[in-house]
Amino acid sequence: MSMIGLAADSAVLIAERRHNKLGRSVYSGRSRVALERNIMAFRSSNWIIVLSGFVEPIFYLLAFGFGIGKLIGGVTDGDGNPVSYAAFIAPALLATSAMNGAIYDSTWNVFFKMHFAKLYETMLATSLGPLDVAIGEIGWALLRGFVYALGFMAVMAPLGLIPSWWALLAIPGAVLIAFGFASFGMAITSYLKTFHQMNWINFFMLPMFLFSGTFYPLDIYPGWIQALIQAMPLWHAIELERAFMLGNLSWGLLGHVIYFLVMIVAGLFFTTRRLTALFMK
Amino acid sequence: MIIARGLTKTYGEFTAVDGIDFEVRKGEAFGLLGPNGAGKSTTMKMIASVSKRTGGELTILGLDPNKRGPEIRAHLGVVPQQDNLDRELKVHENLYVYGRFFGLGRKFLKAKVEELLEFAQLTEKRNAKAEELSGGMKRRLTIARGLVNEPEILMLDEPTTGLDPQARHILWDRLFRLKEQGVTLVITTHYMDEAEQLCDRLIVMDKGKIMAEGSPADLIKRYASKEVLEVRFGSSKNVEIAEQISHLGERLEVLPDRILVYSENGEADLQEILKLGLEPVTSLVRRSSLEDVFLRLTGRTLVE
Amino acid sequence: MSSATPIEKSVHASEWQGSLKIVDVARARNLAWLHVAEARIRNMLKWWTSIAAFSLGNPVLYLFSVGIGIGALVDANGGSTQLGGVNYLTFLAPALLASAAIQSFQEEMSFPIMEGFEWDKSFFAMNSTPINGRDIVNGLVASSFFKTAITVGIYEAVLLGFGAIDLNVALPMFLSALFAGVAFGSVMMAVTSYIKNDDGFFAIIGRFVIAPMIMFSGTYYPLESMPFYLQWVGWISPLWHGTDLGRVISYGSPQQGWIVISHWIYLATWLVVGLTLAYRQVSKRLAA
């Protein structure tokens, strides 16, 4: 049994290979192994629960889109075209699915791993860096958001809620949205210390879900409330997905994309910074 | 392997490690002995390059942890004070994933995991979830995990605290094997018997400072007598009686529950006490230990 | 090294008089459920800020977004003909009240029971005093009732503020919502008391039982507007019975007398069955 006597591909060689590269103290180029860990944990977890996370928006779609939809008839979308009420809220619920999937993992699960499982402490005691951990975890959360969005779309199709090929753009759209929420969610979570504070995330998510133009156009609100809502990420997500799904493409959509790109970068930056401060001080 | 000069760590106003000097040589088992709060874990974390020192010098394998953290960590195996196994993963997955964190290849790890499972006597438990293991098994798994990158230095923070005697002995046996194979061990403990069993050399720490340094036998020779007589008279009488027998031995320590008489011949001193007409509730003559060294240095016991 | 001192022990033994003097067993037995409830309420008080914030925040959010926002669309499109002539907000209010009561009970009857049996084992600690399983069930129902009453009370105050209900029906609506809550809660308690480890059980319940119950019990639209083959969801759901009762009370929603009576009977059945099963299982599990 060879306990010492270094193997050819030893950890040391791997670490040294990077030692002149930029950012080597925060990044070792191995975020995929953090992802690998999550896949392993997922395999032996109760995965039905993880996968079924997208049913809630589906219930909303059925109850609100078809139930309340019967009371309403149709509405007009952002471009002034008439659409059925179900077709109006479906893209919003798609965006919400992507958000939910990303947020479940990047908030509660991250909080648990950080404070109870001490997972990040363990990971950072190896030659992994905080940016590896951040990307790995956010990547996993993003994957979940993506899967939820796909699941939701699979339900929309037979209900006749996918009117054109443009709707396919909603899939990369969902990835962007999930990435943004995962990144931002993990950054926020990394700064929170108690379960109590974590509850406030829900407290923020519910109104965002209810008011971001999800169920009716924003114009029933006074100007200042509209402005407030338009500052929220979910509003941008919904606008983007609604435009894709209903085929209302325009350059203005780039604004929403940029909003999410900023969210992603800021989230990664603050997560890395916070992990460094917490576990490598 | 490790050189510390004036190593200091402060948390705000509070100084957890207060300018300590020590050296760890290749292949030895080096101990940090001290009570809770002495600064042992803090020192370990600085060596493990996850906690930045606030003062002094520290080099590990000739590298500065502030600049070369990832490389140093690649050389180390870390067993933290609290097991932080991945509760969501199975036993063998814990080893595998940890190896992946170092960037080790899948093929290499497959063989390595089997080897480590055997070493930790956990082959039969390979498919159990980590949270289902007993305390001793968890500890062995954490140690095995620390070996996955074939480290040159294995850092163990209180490896046997909270384990039953049998589990401790199994663990000591495993650590001996590692030492025989040439792995450098750095061990913290507040058990003197553990320090005596495992360490070639140790430093005694208290309140962030080093109180003494040397081999266990060396320290006992320097700071304690050959034998110790322990007598109990009941908690209310100890102090009073201590004055009557203060002429005995080389030195006397009065603890809340007992009196310790340090001497060359404990049995003879006990006879003296009986001759004075005093009747201890219990009495015991034993060889002196690191506990006595610590008591001598600080006036306090290690485990309170 | 820690040789015991027999002398000291015997001193204690001679002083030991037993607890018979300070514990009045009969009294402890009679009020046992109250002590359980008190312990639980003390625990809740630690979180009173978030309980208050959620109790107030939820109705405000739903009333603004669904009641007023979606309500505006419904009312503008002549939906009220399908709602028996009332506006959407009035139609919605009794449903929101009943679902608030049910959700409050659901919360209290899930994790706190797991905690008592598995996590901090406080039920076993209680059971080692004169308190028995029945007392624990009664105490938890009482404390949940207390919390739900506050939540529902706040909810009603908000509904009054929005003009969604009339003051003169506030008390009967309060009682019918609480009744639906406690009926559901006692069954939920019985179910939880069988659960050995969480393992996502509550996530599943929340996702596949509670959420569809709220969505498809005639909460947001009349049950009759669902396809007939799906209406059974409402018939078995305590929420629908509570909601329909609330609508009759609130704005005199036309309903046949026997249906109104059957609402009460149905909910009472849930209550009795739930409590009976809970008494049995909780006592059994404590003794195991």
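Labels for the chains are A, B and C, by order of writing; each one numbers its residues from 1.
By definition in this document, a residue touches a chain if its C-beta (ideal position, glycine included) is under 8 Å from a C-beta of that chain, and two chains touch if they have at least 3 such contacts.
Labels paired with UniProt names: A, B, C = Unannotated protein.
What you see is a predicted model; the values in this text were computed from it and never measured.
*Asks:* State which chain is most central when centres are taken as means of Cα atoms.
*Replies:* A
*Asks:* Determine which of the two chain pairs, A-B or A-C, is joined by the larger number of C-beta pairs in contact.
*Replies:* So, comparing the two chain pairs, more contacts are at A-B.
*Asks:* At what distance in angstrom does the C-alpha mean of chain C (Unannotated protein) lie from that of chain B (Unannotated protein)?
*Replies:* About 52 Å, centre to centre.
*Asks:* What whole-number Å value describes the gap between the mean CA coordinates of chain A (Unannotated protein) and chain B (Unannotated protein)?
*Replies:* Distance between chain centres: 45 Å.
*Asks:* How big is the gap, in whole Å, between where the Cα atoms of chain A (Unannotated protein) centre and where those of chain C (Unannotated protein) centre?
*Replies:* Between these chains, centre-to-centre, one finds 33 Å.
*Asks:* Residue numbers of chain B (Unannotated protein) touching chain A (Unannotated protein) in their complex, please.
*Replies:* Contact set of chain B (Unannotated protein) toward chain A (Unannotated protein): 48, 50-52, 68-71, 73-75, 78, 80, 82, 84, 86-90, 93, 96-98, 100-105, 108, 112, 115, 118-119, 129, 147, 149-150, 152, 178, 181-183.
*Asks:* For chain A (Unannotated protein), which residues are in contact with chain C (Unannotated protein) within the complex?
*Replies:* Interface residues on the chain A (Unannotated protein) side: 46, 48-49, 52-53, 55-56, 59-60, 62-64, 67-68, 70-73, 75, 85, 196, 199, 203, 206-207, 210-211, 215-216, 220.
*Asks:* Where on chain C (Unannotated protein) is chain A (Unannotated protein) touching in the complex?
*Replies:* It comes out as residues 47, 50, 53-54, 57-58, 61-62, 64-66, 69-70, 72-74, 77, 79, 82-83, 88, 199-200, 203-204, 207-208, 211-212, 215-216, 219-221, 225-226.
*Asks:* Over in the complex, which chain A (Unannotated protein) residues touch chain B (Unannotated protein)? Could you list them?
*Replies:* Going through chain A (Unannotated protein), the ones touching chain B (Unannotated protein) are 1-12, 14-16, 18-19, 24-25, 28, 30, 33-34, 36-37, 40-41, 44-45, 117-119, 121-129, 279-281.
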